[in-house]
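Listed next: structures, encoded as structure tokens.
Here come two complexes built around subunit A, the first alongside subunit B, the second alongside subunit C.
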Partner chain A sequence: MSAAKRVQQWATFARTWHIFDCKWQDPYQSAEVIKKYLMGLHKPIYHSMNDCGDVVVCINSREIALRGNDWRQRAYFHHTGYPGGATWTLAWEVHNKDPTMIIKKAVYKAMRGNLQRRHTMQRLLIYPGEEIPEDIIQNVSNQIRQLRLVPTRLDHISEEEVKKFPKVMDYPQDYVLK
Partner chain B sequence: MAFVRRFTPLLAKTFLNIPINTQGRRIHRWVSPTLIELKYREKKQGGKVINPRNTFLEWNLEAELYAFGKRLNEEFDSDLLLQAFTDRSYVIKEEMKQKEMEFDLKMKDNRELVKEGEKFMEEYIQLYLEAVLPKFPVEGIVGIKNHLMSESVLANISLHLGTKDIILAAEYPVERQILANTFKALVGALLQSSGDEQSGHFVRDFVITQLQGQDVNDYWHIEDPWTMLTDLMSKTGSELEPRLIGEVGKNTLLACYRVGLYLDKKMLSSGFGETVATAKEMAAREALKKIFATEENMYPINFKLNGIPKSTSDLRYKISAN
Partner chain C sequence: MSFLTRTGYSFAKNTILSTSLRSISTTKQLRLKELREHKEGSSLVVEGVTVPSPRTELLIRAVNHQENPHQCKDTCYMCALNLDVKHTDVLILSQFVRTDGCMLPRRITGLCQRQQKKIGKLVTMAQKAGLMINLTPAYCHKDPKKRYGFKKFNTYFDEKTIFMKRIPKPTDRFER
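Moving on, here comes the complex of A and B:
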């Protein structure tokens, strides 16, 4: 193999590191996107026997958003294997216990159950907050676009800006605000 | 009975369509031990005996030689063709035999034809490559020529032209060196029979076409591409600047860097590598390929140049001269 072909191969099979911000994202819809990068489905060289998956770093997993009343209604099932060992844990309980668990399970569930799945999962790194170890953030060279815009809440906007914002009308002086 | 006779052809036709050699579902248990035993006996007898085709009873050397020329669509002089196929080892062997039997028959071997053919091929290939790769330096052209004139390439061509059985040599199967020499001798014989233009086309069609699908840069190893490139650029007076334009997995074993070379702030080439230094070197190599017009996506080499191309060596760029 000539030198040119060798580096061409090296560049083709280079493992890219992506970052994904989970803030206000639906974990189940995000999982479908993250899965593609983890397995390398976005590459033209993809083949199921081909080790071409990338690494995805998820940050802010504590601030994911579930749909409807999923926090209260979605249950995560576990069975210890012993009689009477079945447990159903609600999503909010799981999330309180481990803020990375829901996104991890979502990605795991998005992939087909085969021998490759557990190895592919090793390439998914999840952090509950924004702080990532320095050596990991240095590897990252691409950002996966978020599926939804993160809404800005009124209490996050500074009081000055709120005051400056043009108003349609002013309340009368004697109007009692509850 | 009449009925049978009437429909016999039909019946025969239906039988024809039934495959006779139906393969069994399995390989029988006796097959392996039998093959092993046969192999063992063959080994005990001193290996597989290959009978040279030219020792067979109905072998007609004259007809074979005539057919050889006709197959290639070339006009060979029959005596010269026989001489081209006669190796030195065969002549020595024959002379020894003749001494024993006490008579003397003069035989010509192909040494002179080899020399003549080799000289012609060297010249022609050089000229041809200079014509089809106009920007490639002389050193590179010599590298490609040496590859084309190497024993392995010529022996391969010679073997596939069907010289293996026609060659008169002491040993059988013939060595690769003898195969290669015979090809050179064939060119020499053709040169004498049909002239240099015809033999030039012969060399073009059989030797130079070996470059099809090959990367010509592989045959010329550049020790220090960066120095060569900067030397080239210093003459034009333009500014060469390497920039790191991509990196992936910096702290991992699979780190990959991409370096781009910018000439007067315009991208010239880019190269990949596992370290920045390798990537820079590869970028320099890519840039040289671009300058020499031998990139990966170059237009295929023209194998249809007619006649003997004119020499352009004097105008051409030489690396060592600088």
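Moving on, here comes the complex of A and C:
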């Protein structure tokens, strides 16, 4: 095997580390994307018996955005196994307790339920804030594109820019300015 | 009888709650007004000054749009512009609200009924998402992360849900 081919062989089977910024992202939509990288579905050498999945580091998981009134309507079910041990926890209560749990459960649910899933989940690292340990950020070599644009707040736009922005609505002539 | 009670009620209301703001005016109103207060010696002078609108120069209208409603009957300026407004477009939506973040009524915005409903819902979405937090009442904390309970977390909205009631379900074959 030539030297170039040998390097190509290493590169093919090496684990790539991806980073994903969860800021203002829907966890259930981004789970479908993260899943592909975790299982290695984006690689041409993919096979279910082939251990070719990558590592995904999710940051800012505290800043995820849920759609509409999902925060108070989505319930997470847990059963202790004892009679009467069923609990339903709302999404915002889960997120208060553990800001990494919603995205973890979303990715876990997006994958098919077999025994490999537990091992694939070990390669998903979630951090609630922006701070990541130094030894993890060193490995990261790729960023997964965000699915939704992060919206800009009106008070973060400069006043001059708001004033200069083209206007659609004009006040009627007898409107009292306040 | 109801007319008499209404007149009496409005007269009593006007005498008790008489403000400087009257909806009836004897002179013709021409321009935008601004209330200015200043003191002259011991007396407080409140005067309504007509000012040119700050928005007139920046105003954007569609090419085929006429201001006269008789020439194009159903089309308001938002329909004529045909913009795809999202709830994150706060620079557009902030033009339709007061300083306390309340949606302006239709007689001021001059929109058609459907657009007024749509823009009103988009404003609500932007406010719930905390994107126009500086346009809120004075008692507001001005920080979306300090809100109570589930409201402190980020929320996004789907604009397709605005006129959801009018879209028939795929199972309703006969309504389509």
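Criterion: the second predicted complex is superposed on the first by the 148 of 178 C-alpha atoms of A that agree within 3 Å, B and C clash if a C-alpha of one lies under 4 Å from a C-alpha of the other, contacts with A are read in each partner's own complex, and residues count from 1 in each chain.
Everything below uses one rule, namely that contacts are C-beta pairs under 8 Å (C-beta built on N, C-alpha and C of every residue); 3 or more make two chains touch, one makes a residue touch a chain.
Since the model is a prediction, treat every value here as computed from it, not as a measurement.
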item: Touched partner set for A:F165, first subunit B, second subunit C, both or neither; value: second
item: Which superposed partner A:L115 touches (first subunit B, second subunit C, both, neither); value: neither
item: Which of subunit B and subunit C A:V7 touches, first, second, both or neither; value: first
item: Partner chain in contact with A:S141 - subunit B first, subunit C second, else both or neither; value: first
item: First, second, both or neither for A:L66, with subunit B first and subunit C second; value: second
item: Which superposed partner A:M49 touches (first subunit B, second subunit C, both, neither); value: neither
item: Comparison of subunit B and subunit C by subunit A residues contacted; value: C
item: Of all residues in subunit A, those that touch subunit B in their complex; value: 2-4, 7-8, 10-11, 13-17, 55, 135-136, 138-139, 141
item: Parts of subunit C lying in touch with subunit A, wherever the complex brings them together; value: 21, 25, 29-35, 48, 51, 53-56, 58-60, 77-78, 81, 83, 88, 90-92, 94-96, 98-99, 107-110, 129-135, 142, 149-151, 153-158, 161
item: Contact footprint of subunit A on subunit B as seen in their complex; value: 215, 217-218, 246-252, 254, 256, 258, 271-274, 278-279, 282, 285-286, 296
item: Contact set on subunit A toward subunit C in their complex; value: 24, 26, 63-72, 90-92, 95, 148-149, 151-155, 157, 162-178
